[in-house]
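Below: the structure, in structure tokens.
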Amino acid sequence: MFGDYSLGDLGSIFVMQGFAGLILFSVYVLMALGLAIIFGQMGVINMAHGEFMILGAYVTWMTSNLFQTYLPGLFAGYFFLAMILAFLASGALGMLVEWGLIRHLYKRPLDTLLATWGLSLILQQAYRSIFGAREVGVELPPWMLGSLKVTDSIEVPINGVFVMCLTVLITIVVAYVMYKSRWGRQVRAVVQNRIMAGAVGINTEKVDRYTFGLGCGIAGIAGSAFTMIGSTGPTSGQLYIVDTFLVVVFGGAASLLGTIASAFSISQTQSTLEFFMSGSMAKVLTLLAVVGILMLRPQGLFALKVRK
Amino acid sequence: MTNARFATRSELIGILVLAVFLVVILPLCLDVFRLNLVAKYLTYAFVALGLVICWGYGGILSLGQGVFFGLGGYCMAMFLKLEASSVENTKIQSTPGIPDFMDWNQITALPMFWKPFHSLTLTIIAVILVPGIFALIIGAAMFKRRVGGTYFAIITQAVAAILTILIVGQQGYTGGINGMTDLRTLKGWDIRPDHAKIVLYFFEVACLFGCIFIAQFIRHSKLGRILVAMRDKEDRVRFSGYSVANFKIFAFCVAAVFAAIGGAMFALNVGFMSPSFVGIVPSIEMVIYTAVGGRLSILGAVYGTLLVNFAKTSLSESFPELWLFGLGGLFIAVVLAFPNGLAGIWQDHVQPRIDRLLSSRKPKPAAGWTDNSVADGAPAE
Amino acid sequence: MSDEIKRGLQSPLRRKLLMGMAALPAISMLSRPSFGAGPATSAVNTTGLAVTDTEVTCGILHSATGTMAISETGSIQAEKLAIEQINAMGGILGRKIKFIQEDGASDWPTFAEKAKKLLVNDKVAAIMGCWTSASRKAVLPVMEQYNGMLYYPTFYEGLEQSKNVIYTGQEATQQILAGLNWIAKEKGAKSFFFIGSDYIWPRTSNKIARKHVENVLKGKVVGEEYYALGSTQFNSVINKIKLTKPDVIFTDVVGGSNVAFYKQLKAAGIDLSKQALLTISVTEDEIDGIGGENIAGAYACMKYFQSLDNPNNKAFVPAFKKQWGEKTVIGDVTQAAYLGPWLWKLTVEKAGSFDIDKVAAASPGIEFKGAPEGYVRIHENHHLWSKTRVGRAKLDGQFELIYETADLVEPDPFPKGYQ
């Protein structure tokens, strides 16, 4: 298939293709980070993760409408405020859900799965009733559209670069919070031994609530960022959920590094395969490879050794 | 309860009540259209029944039962589709005698893996074996490596996602997202008219009772008790010298075969099969049927399936918006408030009162999680 | 009777209707309609349909919930509007149309189940409904078995023809060929890149398009790609487009994937004012989600645009907006859905009966001059003769009409040489 093209053409395509893979990688990391925290640290499967993302997307949409109506002069910068609002909204809803639902089910992880699935149905219908069944288009500030011309033939989408930077930033913040801050130590203490953590004076309930809130808040930011590349509708969240879970499980549940490594390998595999075959076949092969590897190594790429 | 009796007295009464309900009351009260709907719901009851064995007793939550339902359904649908695509029925196609969707996708000869489905015997064997072997492979790979719980649930989900994408993507061979429609005859016997629907309904109910008896047998055999023991303290069972993995694989395979039979019944009763039964959403919905009926109750699974589906049909007829709220709420309510579902409610609230009324014997103690004497009473309808 | 509705009836149509309803007192056109003055029920309904002296029941069967609700909402709205307008004019054969709405819930077997319910339990005289090919395929055997009448609004892949269905949208050759001819002539296009969602309609449409490009236009298809429904990552295929540099990108991506595709296309620096892109799947409805700025400059090929400048459409658009809100947009399928109840009314009045067999037999040749897209006529194969148009997407989410075929294009669901 490459016979007809010049070497220069091919070179720049490979650069851009590598970049496409990196964007997909950022997307996966962003999606999976919140889930990795919740699943990895708390053992809770949050099937409503996609819906928390979509909440962030709707918040972004509302913010953009507000700015267009009341502050058109500041429209160029609305996205940053929108992301903070998305974080707060999803995080707050997450804490509420933890309080009302999840905390009653810590001893029954399989049941959280069913309960959060129910929650996701309710949220979807709520979005549909509030925002309508149609997808909404989020208008982006002009500077986010278009591409950077690196050379004559290599062009890089600006929103892709933006998502990548955002991913790096959030990953660093999360890593710092989880591994360096006092609060992060408390979270990990609770994960490793809840009773002992309680005995040394950690308020485990509060830690749980904030952990869940943080995970959902990051989902909100992810949703906000995805308005740049995808669509926002009541059921959009469902599209992401399987990919997200696979990334987390493939990486090994309790490991942040594992999540990143698995997002990297899955995204690169998929984007390379997509270039050589049809998109839907590429997807099947990627998923098959992931499931195949999981059958051989069920604990994922990086497993934390915890006494069960 | 050490003897491997097939069923206790109250269970026998329960089965009898269900039989009367399905065989006498429903056909007398409902017109053919509604009866056919019940037949459709009951196909899901096969899946729910399998989940009672595998989830309720074995503690293995599979979120991919749609895969097996779909495999069984597709096997049956392939047979029916071949019969519906006779040369004279398809003479407007460029290649007559192959299913219409193949013709649309420029396939000019019947693919190899379709060939066995010319024969009904081979089809029936395939309905059982294909999903069974598939479950065996997944189960062996997972359980031998001691993967379980939430991991297993997510991996089964991924399998469901893969199979859906595969079926949709390979539309020349599978009919794609449209599925296999317009199934007409079974060995020359038209499955579409009303009298055929009635015959098929009774046939399905008979198969369902067959599965119920198998489930009862498993539950009351030593096997069933090991499953329960395994669910509650896996390590102790392992230390006692049992191969935990093999028991899990067995339970998973039984559930898969039940689901596949349900799928085949679906293709027969509804005249239709599509990838929308294979994916994640239907798979999880099937779990909720079991949960509503009571994950420990074999008969509860049937009642739960019927109840949720009746509610779905009637609610979505009058308040389509409300339905999703209702279904979502049901998930949460069943998990938070009624972990034993309808059967639990019956057990805790209705049964004692009946017993007191009859006062023929002492009220039984309330059933706990590990209590093997959970009776499958018919919940209030 | 409101002014909009009066304007909605162009004079030729009104004449035709008056003739058709000769049995009716003519005043019912001018004052509040009174029902029950039509021919005796025993004469117009010999098969036990839900027809009384004053009412006739039809069904509306679309997804109000689930993923397809996005697309099908517009069709429901259009059908309800048409029914209301017909009722305001005196209904059909002096009978008010009552509708029963069922939710297909984006689930094909549910569609079949609800269709059966409408036909068997409710005995509806016609069903306006279905959207996706899959839902139609699921409903079709039911319609044929219980002898119902379905008015199906979506542009679709063809390869189908039924006594029990009237296809008010275009079939694939009708929609595609004129557009390809136009772009080949206008842009001198020789190389095409096809990208679609992975299911029967895009695959069949692309098959037809490929045959046409290769055999008739003597061009070349440099790529053909399919993505699973709901896919949101198109960067790889965009790179392939950049590599192959086609003259025309031909797309039939549907649903939410559209949004991702056009946003990423724009972000990748493909400027649609320079790179020709012809889509057969993006209507005004989709642009609502995509955003006008992301797709401006693209060409779409279908039979109706909201911006069409003709008297019928000038009456239809305000009436629709008055009913469903200023912000609603009207796409090709919405308009086709609007035709359903009108065609049914005209056919029943020509047949003088609600009986399905008589309606099916009377359908060929039915003309509707009041259609927002302009004149349409039902072909012997139960599809519509209609014009095909090419529009160019503008920033405000509307299309600017660039080209329309001089004559009506004949529907050809089983095209020779394209299979």
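Letters are used for the chains, namely A, B and C, taken in the order the chains are written, and counting of residues starts over at 1 for each.
Assume a contact is a pair of C-beta atoms (placed from the backbone, for glycine too) under 8 Å apart; a residue touches a chain by one contact, two chains touch by 3 or more.
Everything quoted here is computed from the prediction, not taken from an experiment.
K.L.:
Taking each chain's centre as the mean of its C-alpha atoms, give the chain farthest from chain A.
P.N.:
C
K.L.:
Select, from A-C and B-C, the pair of chains that is joined by more C-beta pairs in contact.
P.N.:
Ranking A-C and B-C by C-beta contacts puts A-C first.
K.L.:
Would you kindly tell me how far, in whole Å, the mean C-alpha position of chain B lies from that of chain A?
P.N.:
Chain A and chain B have C-alpha centres separated by 34 Å.
K.L.:
What whole-number Å value describes the gap between the mean CA coordinates of chain A and chain C?
P.N.:
Taking the mean C-alpha position of each chain, the two centres sit 38 Å apart.
K.L.:
Whole-Å distance, chain B centre to chain C centre, using C-alpha means?
P.N.:
Their C-alpha centroids are separated by 38 Å.
K.L.:
Two-or-more-chain contact residues of chain B, please, as numbers and ranges.
P.N.:
165, 168-169, 321, 324
K.L.:
Please set out, as single numbers or ranges, the residues of chain C touching at least two other chains.
P.N.:
Only 64-65, 198, 226, 228 qualify.
K.L.:
Multi-chain contacts in chain A: which residues touch at least two other chains?
P.N.:
As it turns out, chain A has residues touching two or more other chains at 125, 128, 278, 280, 283.
K.L.:
Sort out for me which residues of chain C touch chain A in the complex.
P.N.:
Interface residues on chain C, with respect to chain A: 64-67, 69-70, 73, 198, 225-228, 230-240, 242-243, 256-260, 263-264, 266-269, 285, 288-291, 293-294.
K.L.:
Quick check: in the complex, which residue numbers of chain B touch chain C?
P.N.:
Counting only chain B, the residues touching chain C are 31, 33, 36-37, 40, 92, 94, 100-101, 103-106, 165, 168-169, 171, 176-179, 181-182, 192, 270-272, 274, 276-277, 313, 316-317, 320-321, 323-324.
K.L.:
Note which residues of chain A are touching chain B in the complex, please.
P.N.:
39, 43, 45, 101, 104-105, 108-115, 117-122, 124-126, 128-129, 238, 241-242, 245-246, 249, 253, 278, 280-281, 283-284, 287-288, 290-291, 294-296, 298
K.L.:
Okay, in this complex, where on chain A does chain C touch?
P.N.:
So the residues of chain A touching chain C come out as 5, 9-10, 13, 16-17, 19-20, 23-24, 27, 125, 128, 133-139, 145-147, 149, 155, 157-160, 226, 228-233, 235-236, 239, 270-271, 274-275, 278-280, 282-283.
K.L.:
Any idea which chain B residues touch chain A in the complex?
P.N.:
Against chain A, chain B makes touches at 61, 63, 138, 141-142, 145-147, 149-151, 153-155, 157-159, 161-162, 165-166, 168-169, 280-281, 284, 287-288, 291, 321, 324-325, 327-332, 334-336, 339.
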